[in-house]
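The structure appears below as structure tokens.
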Amino acid sequence: MQIPSAIVTLILGMVLVLGGLWIGQTINLLPVGASANAPIYDELFQVLFTIGAILFIGIVGLLVFSLIRFRRRNDQLGDGIAIEGNLPLEIFWTAVPAVVILFVGLYSYDIYDRMGGMVPLGHEGMAHHAMADNGDERIWGGLSSKAVDGEAMPLPVEVTAMQFAFLFHYPEGDITAGELHVPANRPVTLRMEAKDVIHAFWVPEFRIKQDVIPGQPTQLSFTATRPGSYPIVCAELCGPYHGGMRSTVVVDEPEVWEAWFSSNAKSDDSTTT
Amino acid sequence: MTVATPPEIQSAVPRLQPSGWIRYFSFSVDHKVIGLQYLVCGFAFYLVGGALAGAIRTELASPVSDFMARDVYNQVLTLHGTVMIFLWIVPVVNGAFGNYLIPFYVGARDMAFPRLNAVAFWLIPPAGLMLISSYFLTGAAQSGWTAYPPLSITTPAAGQVIWILSVLLLGGSSIFGGINFIATILKLRRPGLKLMQLPMYCWAMLGTSILVVLSTPVLAGTLVLLSFDIVAHTGFFNPGLGGNVVVYQHLFWFYSHPAVYIMVLPAFGLVSEILPVHARKPLFGYVTMVYSIMAIVGLGLIVWAHHMFTSGTPPWMRLFFTIATAFIAVPTGIKFFNWLATIWGGRINLNSAMLFSCGFIVNFVLGGITGVALAQVPFDIHVHDTYFVVAHFHYIVFGGSVFVVFASVYHWYPKFTGRMLHEGLGRLHCALTFIGFNLCFGPQHWLGLNGMPRRVAEYDPQFTLINQISSVGALLMAVSTLPFLWNVVQSAISGPLAGDNPWNALTPEWLTTSPPPVENWVGEAPLVEEPYGYGVPIDQLDLAATSGRDLWSSGK
Amino acid sequence: MTSTISQASDEASSEVSSDHGHEEHGDFRMFGLATFLVADAMTFAGFFAAYLTFKAVNPLPEGAIFELELPLPILNTVLLLVSSATFHKAGQAIRQGDNGRCRRWLLISAGLGIAFLASQMVEYFTLPFGLADNLYASTFYAATGFHGLHVTLGALMILIVWWQARPEGGRITAEDHFPLEAAELYWHFVDGIWVVLFVILYLL
């Protein structure tokens, strides 16, 4: 019995979409997520991965099928069929990708917005924190925290990058450290500038990255959610030891962090340090 | 009409141009000689760049920096990128095949400006040798092929200045070539040949050359400014002197994103020539192909800042460049669907040229999918400057352009030399390259997602195993060039004779002898109005012998 | 037929069109030159874009602001514009076959170009800032210097054309005067760039 080709196509298409969904849902290529950004990012990744898997398997499947089905057999001499085009078909495969792209674009705009990407930079009220001299300086790029009313004030940290280390300075306690200590579930805003060449601040488990540029301060906000230690990686070629330019961000429970902070803070009782 | 000329007439013509093999080492103005000069010279540099890549993968086989010093690693990395882009892909997909094929396709005896053409080629070997010798003389540049300041201003000056000089020479060569292609395609067409009858490679080269002419000069100007910063201590890109490093990035990517299309559009064109011949079908959707090339050219000029999503760029800029970049996928997608439709229902000859072309489709589809993902700012913020990007662009430039270069060599070798390549060795080459390539670059996606930045000589030991797999893939790729080298050398000497048109192709380069005579055709150039006129019209199909499946596949 | 199968000699292949009588093409050399000038213009566009961006986002420190004097650059603009007109006259003359008049106009154009260069030199030496003093100084010198290079080349080209247009043994005639037309297009281009440069660097 001959099954009509339209039905075959339909079934194959459904199998393909289901397969892609299954792949997107089950295969995880990302490291653990440790910031409020991570689940949002992972959601986007899943969507892109699903669409990508459907497209890739579909196209490669079609290609392999044609290569086998239409390969020249030994006894065949003539040409294929002379079809030079098919306007409806071509319109179809212009319109469908355009719609998919539009959807992906809108969706990723929404994701970026949820990550705080569309909040104007530098409107953090950081000027309150002993930074009066450069309170209204220009911030050239980065992510602002989407400070929701009633939430805790973001913790300001000044990051200085140099060949080949990161330095962290907490203006609130005048602490300088080589490791970044942050409390879980409280927004942190990094104000970053480089001393010599361009570096980049990247925490893979937070899914965020921002270049640290000499002469052009940048900003990065995040809320850590999962206590633990995670690598800070420099992601911009900065010289011979670029590969060794790493540090650690330690995410503590708020009480633990509070203890670390007060034992290191210089401002009130400098005896503890 | 025969080629035979009485000997005395031949010797009466003053021979300013050498003939025989020596002409390949001379300032020849014959476009076919120049094309082969580009091809062989480019391949020599490919071997150099490949050796450098081998050094990189050897270093990365272990997580510590043990194979070479760290600054040497950065030099090797910089040389690898620069050699591969400016001395291999750009000269070969443009210069080599463009020079060889375009005059045939427009029905001309040579390029519009043959002497400029020879000058453009002869800029390349000195520039390349200068670049490579800088490693031995002064130490090569070590700031990556992007040469971002302030790093490029603070690393040793001599190597960086030599790097700038050679890139300027290579850019000049590329601009001269681009001017020549535009003039040849638009002005030197044989009378009666209309633009919309040209083989698709002409359109690809026209689009590419427009990009070359519009964007390469900006790179040249930028590098001149950068060299002022290094030599004359101006402060264009030196924040210590009030300069702005991000402006360099904008100017650099204004060239270097279009450069991406300078490397793949010609490859798209070449594939469009190869598929119809071996699938015995017309190229599907000629007109939409032409429009999508032009759309890619236009969009390609306004997407550069997607390389700067984590740099000093404000939110609105990030958004604009996301949208523009993502939309390039539409015309690119059209081309891929058209190629699939071209082979659908064909009588496909699964030879090396065809297999490499299909390898290109598979690889480029993956690279294009990751490209669309990278265009989304929130996605890129995590993976920018990591091994994910390395994987992405190698799927584009290696899996895309290099595969097409090999497909083209298998396709046009009979024309170049008059002899056939060995099919078995060709398929072995294809299989080894495909497996090695995917083994090398596929796992790198995972590395980038999980925290390995690019351009590092040492890395977190948790990534060791995957890096070793990747290095094995690289080794396999190195091995895969051996059957190829053996094949091209041995077939040139004793391969079976090809005849004029071994593939039964319709484009004009096949309508002359192999190899073609000096001025391409004896007598009038043929007027090819239907370069893709393959196939049996549907109404002539033997209906009794076709199944319902066949009718469906024919679009009825 | 011998011509088609002979070796492509240097001489013959430099002008494919004249080599093969049976395949007439229009003169594509001007087209090639125009394409080159588009590329050249993009180099300037890069400089201008850099300058405007610097100006917008990298304010100079207090006290480093300077105003450029206008009289000399205005004189320069006039010099170049007039030289464009005189070159046009030279072109008209050659088309009428009057090599003598053509050469007089050419000399005047070259003279105006050289006067421009001299006056530009005067400006350079009287400016209160040097190449590496600050961002604007550097961009100013880079853009005007690159343009000056173009004028120098152009003036040389005019002198060469002047030599080629000599009545006895010159290769430029009423019928065949490609070098003159090429130099003229180039010269107008260099003038056009100057006008844009003048507006951006001096007036804005």
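Read from first to last, the chains carry the letters A, B and C; within each, the first residue is number 1.
In this text, contacts are C-beta pairs under 8 Å (C-beta built on N, C-alpha and C of every residue); 3 or more make two chains touch, one makes a residue touch a chain.
Keep in mind that this is a model prediction, so the values were computed, not measured.
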Which of line, ring, star, complete and other names the graph you get from chains that touch?
line
Tell me, please, which chain's centre (mean of its C-alpha atoms) is farthest from the centre of chain A?
C
Whole-angstrom distance, CA centroid of chain A to CA centroid of chain B, is 31
I'd like the Å distance between the centres of chain A and chain C, where a centre is the mean of that chain's Cα atoms.
50
So how far apart, in whole Å, are chain B and chain C when each is placed at the average of its C-alpha atoms?
34
For chain B, jot down the residues that touch at least 2 other chains.
243-244
In the complex, the residues of chain B that touch chain A are 65, 69-71, 73-74, 142-144, 148, 150-151, 154-155, 239-240, 243-246, 279-288, 310-315, 318-319, 322-323, 326-327, 329-330, 333-334, 336-338, 340-341, 343-350, 358, 361-362, 365-366, 369-370, 372-373, 376-379, 381-382, 384-386, 445-446, 449-451, 453-460, 532-538, 541, 548-549, 552-555
Partner chain B, residues of chain A touching it in the complex
2, 5, 29-31, 40-41, 44-45, 48, 52, 55-56, 59-60, 62-63, 66-67, 70-72, 76, 78-86, 89-90, 93-94, 97-98, 101, 104-105, 108-109, 111-112, 115, 117-121, 140-141, 143, 196-198, 200, 202, 204-205, 207-211, 213-216, 218, 231, 233-244
Residues of chain B touching chain C in the complex:
1, 3, 5, 9-10, 13-17, 19, 29-30, 108-110, 112-116, 175, 178-180, 182-183, 186-188, 190-191, 213-218, 220-222, 224-225, 228, 232-236, 241-244, 247, 250-251, 254, 517-519, 522-525
Any idea which chain C residues touch chain B in the complex?
1-2, 4-11, 13-14, 16, 19-20, 22-26, 28-29, 31-32, 35-36, 38-40, 42-47, 49-50, 53-54, 57-58, 60-61, 131-132, 134-135, 138-139, 142, 146
